[in-house]
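Chain lettering (A, B, C and D) follows the sequence in which the chains are written, and residue indices restart at 1 in each chain.
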Amino acid sequence: MKSERALVAHLMRRAGFGATPSELDKLTMEKTYEEIVEDLVTPERFPALDQSFIDRYYGGEQVAVHVGKWLYRMANTQRPLEEKMSLFLHHVFPVAWGKGEHNPSIYNEIDMFRRIGLTDIRTILLELSHDPAMIFWLDNNENHKDEINENYGRELLELFSLGVGNYTEDDIKAASRAFTGWTFRQPLSLYPSGNYPTEFEFLADDHDYGEKIFLGETGTFDGGDIIDIIARQPATARFISRHLYNFFVEDEAQVPSWNTEPPRNAAAIEKMASVFTETGGQMRPVLREMFNSDFFKQAADFKKVKSPTELVVGVVRQTGEFNSPTPGIYQFALTTLDDSEVESTMAVMGQKLLNPPTVEGWHTGREWIDSGTLSERIRFVESQFEDVSKPGVREMVERVGSLHDDPAHLVSRCLDLLGGVRVSRHTYDSLVEYARGLASMKSGESAGVHNLLQMTASTVDYQFE
Amino acid sequence: MKSDRALVAHLMRRAGFGATPSELDKLTMEKTYEEIVDDLVDPDRFEALDTSYIERYYGGEPVAVHVGKWLYRMANTPRPLEEKMSLFLHHIFPVAWGKSEHGHSLYTQIDMFRRVGMTDMRAILLELSRDPAMIFWLDNNENHKDEINENYGRELLELFSMGVGNYTEDDIKAASRAFTGWTFRQPLSLYPNGHYPAEFEFIEDDHDHGEKTFLGHTGNFDGGDIIDIIVRQPATARFISRHLYNFFVEDEVQVPSWNTEPPRNEDAIRELSDVFLESGGQMRPVLRTLFNSDFFKQARDLKKVKSPTELVVGVIRQTGEFSSPTPGIHQFAITTLNGSLVEGPLAIMGQRLMNPPTVEGWHTGHEWIDSGTLSERIGFVESQFEDLSKPGVREMVERAGSLDGDPAQLVDRCLDLLGGITVSENTYDSLVRYASELRGMGGGEEGAPVGVHNLLQMTASTVDYQFE
Amino acid sequence: MATKSADKTLVVVQLTGGNDFMNTIVPYTNGHYYDARNKVVMKQDEVLPISDTLAMNPNAAPFKRLYDEGKMAIIQGIGYPNSNRSHFRGMDIWHTAEPDRVGNEGWLGQAIRELDPNAENVLTGVNIGMGLPRAMAVNGVPVTSVGDLENYGVMTRLEQERLREKALEAFKGIYGQAIGTGPVADYIGQTGLDVLKGADMLADVAERYESDVEYADNQIAKNMRDIARVHFADLGTRIFYTSHGGYDTHANEMPTHPKLMNDVSGAISDFMDDLEEHGKADDVAVFVFTEFGRRMRDNGSGTDHGSGGGAYIFGKNVRGGLYSEYPSLDPSDWEHGEDLQHTIDFRGIYGSLLEQWLDVDAKPIVKGEYEQISPFAN
Amino acid sequence: MSRPHGLLRAGYPYLRTLGMRRVIGYPTDVGWTDDGNALILMRSEGAASVRIWPIEDADLFTDDLKGFGSYGAGDGQMVWPVQLITDGEGHIYISDEATHRITRFDPDGQFVSKFGARGDSDGEFDGPTGISFDPDGNLVVVDSKNHRIQRYTVDGEYLGGFGSHGSEPGQLDLPWGVHVDELGDIYVADWGNNRFQAFSPEGELKIAVGKLGDGEAEFDRPTGVAVDAHGDIYVSDWGNNRVQMFNSEGHYLWSFRGDASLSRVARNYMLTNAMSNRLREMGRIEQEKYLRRPRSVRIDSDFRLFIPDYESYRVQIYQKDVVVLDRTQFAAPLRNPTLEVT
């Protein structure tokens, strides 16, 4: 055993979408914790999924189909942090399908996140500013030389990089002027032949080539120059670090209060920010620093609420139902907004992936949970572990053992099998009690260890990463 | 003056197509002889001609049009040695349009020569062996695993690399086997849409993968291996060096007698061969050595007969008529064999460029000259210098000065203006006499007026002008 | 061996481009001909029959006259093996008599070398036209190529008489004095003087000529007249060469081919008459050839390159008539599914001309022995 | 004089291939007559003429291939002809960049008049290339080697001009083809700068599109330009073997790479030539349909797009398939791109 099972399980939940029991066996046997971190931040070491293989089976235009494909990727990728960073960027730079209803732009954007998520902040912001979905979402296509639209300029500073309090209204104007002429080619309309992708286009004629003053610097800046300046700001380092901390380590307050609320762990943020600044905004070193830090390891005890996506993908990985393309994955993502008659589980849980509610994205942490969403989470977990013919469920049932075994041992094995879940003493006692009850019902035809798995996955503790 | 005018003129004639008076002014003022040589062997220092600019004006399918474009390039390139090396390779690897009548392949072959001419012998022979025009010309497309055709294998050894006497019939067989399967993809036929390019194709199934023994080496050689072995042979170094010597320095006897006739200058060949072998067959060091050598500088006094191409390009550089695309350059190259009703001067002078008579290429040196070709040379020069409206002629007439000046000085200036040529004493005297007689004839009572251009014409018609 | 005016003279006329043999000597009663030719076809009621199966092109009436007088031999189905139907390759083969490899010595050049081994007369072989044909080109064999008889020589562009004289004087000085300054310069100097010598010999040929025959105003007629002028000047020429272009009738054959037939047949019959008038008809034969015949089927407007053509020999001492076989027109006999097969090798005809007319051993020139015909009266 | 409000862009079905080698030699530009003939301007070294060829394509070679003009510098001859246009009376105008003149022929191809003299003063040419009529019936001429545009009456009286040498917007470098639309705007293929530019009648730059490359809206030596009645712009992209299409604002819309089929004459030729058929069976035929070095592009009033396919001896013709919409069928112009579903 080269690494500690519980700690690796924690790492794989946070940096990915959880590990199955056999994956944990292998990882802890073969690699040290630090080696696993290194593998995570270096996804190129592992083969990428073959997109054509996914496209071969999953066809269709609805957003739910695209979300389904993304879920499939998250569940099956050998580069978990790559997908997790895409999800992170989708959280931080939330663009909703609902404004443009232009599917290719949205899934191309996620693809772009996948490509650049582990590069550096300059590349990330530059690609983001080139992204047609973002341009349309924040109206930069209406940002003209002779008619400034500040929407993108404002959000870039407020939500995507510096955070409130680190710039002036004049800086917003300057930034907005610098992004004039950054637009996209008009794509062909949906009818009669379906959506075509669109492309970034720079219209030199519509660009304000004049002098601008931005964050104290003066020049005939264009968008790229603005991003260069932004990337150098300590505020950006702190802001991105806090986002990472919030996403990977511990639920923070919601973003709008960050300029008033101090971080939960200022020392951690400072540490990450200094690595960010030293490396010129490189993501890999910051992530490496974070995952190897004590604060991250200790966060295994923190109750960090899973996002609906994390919950769904974690469960799907454990049931093994979608370890190869299988019909139905898109159903997790259906919403009535996209011509379905019912809302699917993710929508009910409050995360319409690829379709966040506002430019601030989803409110996370405990705000994921209310009575409606929680009952959906439990119902979902229950239903997923019901069918013992799913390969993952069957494997778990086999590994858990018989109901005749010692109930405490049974529960411990269940918790381990579900990804090294840690539960409170109270929860543990309740589960042992339930196991004992199941054993006594042995004459009933339907009772089995899978009921114990269902119950374990339905605990409050399972809602935490 | 950093370099000697007469020497630079000699260098520019041999390594290029001659320099105009103003080019000589500039070169000798700005650079040493060695710097000029360095510029020549390093053509990348100068921007290549914009081929789209040439294509914009010169369109058409007949080979004469392609030759015309080549003449244009030779006359206007800022990289004269690049073109001259292409001409050299066309001389030693002569492929004729006439067998295939596939103009496209010929044209791309010359382009390939231009690209590889100053690289190394291995690259040159490899590209040559993959060239569809060459493959068809020497029947390598009929060289099959189970039915060897030795045409290419034989000429590769005999004419393209080592020369007779340095290999056996068995070596030819082995080389031929190694080139089996080296063929080209059938291009679309001429009708109805014109020629499409042909492309090299290696047919694995038709290649003899068996063991071969070639020049004492044994292995499952393919064509590339054969070329590797060829390039390492001292015989190849000598053969290519002698070719370079023959082309750039001094007329040798015709190639078929090289295995019996010793070279004109054994030391020079040895010096070039050594550089060739030391550098692994690189052309640039060999050429640099050649142009910087004493034997090259002394060759100024050797009478090397201009090929028709060199004569024509030299003249049109001097007349300036084609210093930018101008109609008619293809007319120098037309031949009745390609649909024309008349022969152009190059054909009459005996050099149908891109259409050499045989795989041995043209017989050069004094064999360029017979009564028909000589009268054409003189008639050509005469006609080209006749029209005073051509920019180069006008400039020369202006620079030559008036007939009223001292005839000897006038002749001196004419000789310099035509590219720093040197003439025998007798010729010089004849020209001076002619100049003073021209002066005596004054304005002329009938026909075109007598002028300096008559003297230029006569100077360009001398025996000495036929030499490089 | 000095040449004598009593020796036989051969005039070679090249029809450049590939003359349509089927529309020259027309198989006017053959159904296959009319099946294959839709538009480019000679009408049965317009041709000039010379037998039950063959007729002369109606525009070649002068040929019909010569044929009727027994002065025209028609060699049917002449060709060479493995024709690739290329103009260049075709001409190359005809010029060098080497169908299997690319030759480098012209067959007539080799004959001239035999006729004048010491290269004593620069006019033993004369080409009338621009550029020396490869048939006459052999290294070391001086041959004169006359584009324009009136202006042959150097410095001919100088219109002013006195200026030209001075120029020629200077030229002679320069080229004459070059001799003795080294082998190459010597050679070039000598060659320059040869040009002047040839020009001197030809200088007044044009003026001396008189004839009642009026040649037509076209290029081939002018060239035939120039041949007559030089020949009548008794300069020792044994082989004349000239060519007539425009036979590559891919398109518009019906309007263009008649003029070609008209011009070439008129020029040759005028030349024959001229010979007769000057009492020189006995010792001159005219050999007319083309690089190949044309395709069996027409393409709606013209005909494309084929093989198996025809050649013709004219002369007072020629035994007129048909030689060899007319190629089979049956589609099952077509070469490549589209061409006439040749029925006699051209090298046999060269052999006949060289040996029976010029008295030159043909074997080294045509590289072997081929079936000959006997077209000459003895 | 106003533009239609919109059109249903449905595509560009391929219409026809005209001619073949021997019938058409190096087509460099094309015009048309009222009676259904294409006027194909042919130029290669030592040869130049105009072939009159039915747009329906001839069934067979005819014995009287129609055409006029020949190579040479005499009246009615041409050396390096570049563009051919016809006026309302069927008179034909041809520019010649070697003889520095514009020649006018009557509808039968007989020489009528000529003008032009070499030089760089006003009213002189150095290599006139593109020619086009403006809405007033005057001739707009690209004076290529002087890098400028000039305007003349059809009789050769100089009316004015603009343009200078360089690569800045509005400057020109060896410009080639030209088209003047019905509004009088002048579109020029700016050959050396790898772009096309549009100017107001007064010579004020309106748009400049393109740079060196082979992507969308990139060019390798653009040769010709045409504008249709809808304002769509077509540019022959010589080095990239294609024609690119742009809307009136200069936005890239489409590329034409060629879809040639065998013309009727070519089909007939093939039927009589067994050997060429065998060779075709062994060659890669797909490449045959693509354009090779187009030197011009033209569109007629029936929206037939003619591309002289210079190195393949033919003219490829597409048909624009559109329905023009009225005001009620077409939304107000968008200022910005949108991702919204329509």
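Simple rule for what comes next: a contact is a pair of C-beta atoms (placed from the backbone, for glycine too) under 8 Å apart; a residue touches a chain by one contact, two chains touch by 3 or more.
Given the structure is predicted, the values throughout are model-derived calculations rather than measurements.
Looking at B-C alongside C-D, one finds more C-beta pairs in contact between the chains of B-C. Separating the centre of subunit B from that of subunit C, both taken as means of CA atoms, is a distance of 33 Å. Centre-to-centre spacing of subunit A and subunit B amounts to 69 Å, using the average Cα coordinate of each chain. Per-chain Cα centroids separate subunit A from subunit C by 90 Å.
Distance between subunit C and subunit D, defined via averaged C-alpha coordinates, is recorded as 47 Å. Within subunit D, contacts with two or more other chains are made by residues 22, 265, 269, 273, 275. Chain contact topology: the protein chains form a pattern that is neither a line, a ring, a star nor a complete graph. Chains touching one another, given as pairs, are A-D, B-C, B-D, C-D.
Residue ranges on subunit D touching subunit C, taken from their complex, read 22-23, 60-65, 265, 268-269, 272-275.
The touching residues of subunit D, when paired with subunit B in their complex, are 20-22, 25-26, 28, 43-47, 79-80, 97-98, 174, 176, 191, 220-221, 238-239, 260, 262-263, 265-266, 269-270, 273, 275-276, 279-280, 282-285, 287-288, 292-293, 310-314.
If you check the complex, the residues on subunit D that touch subunit A are 251-252, 334-342. Considering their complex, residues 99-102, 105, 132-133, 136, 141-142, 144, 183-187, 189-191, 198, 201 of subunit A touch subunit D.
Partner subunit D is touched in their complex by these residues of subunit C: 39, 85, 250-252, 254-255, 295, 297-302, 304, 336-338.
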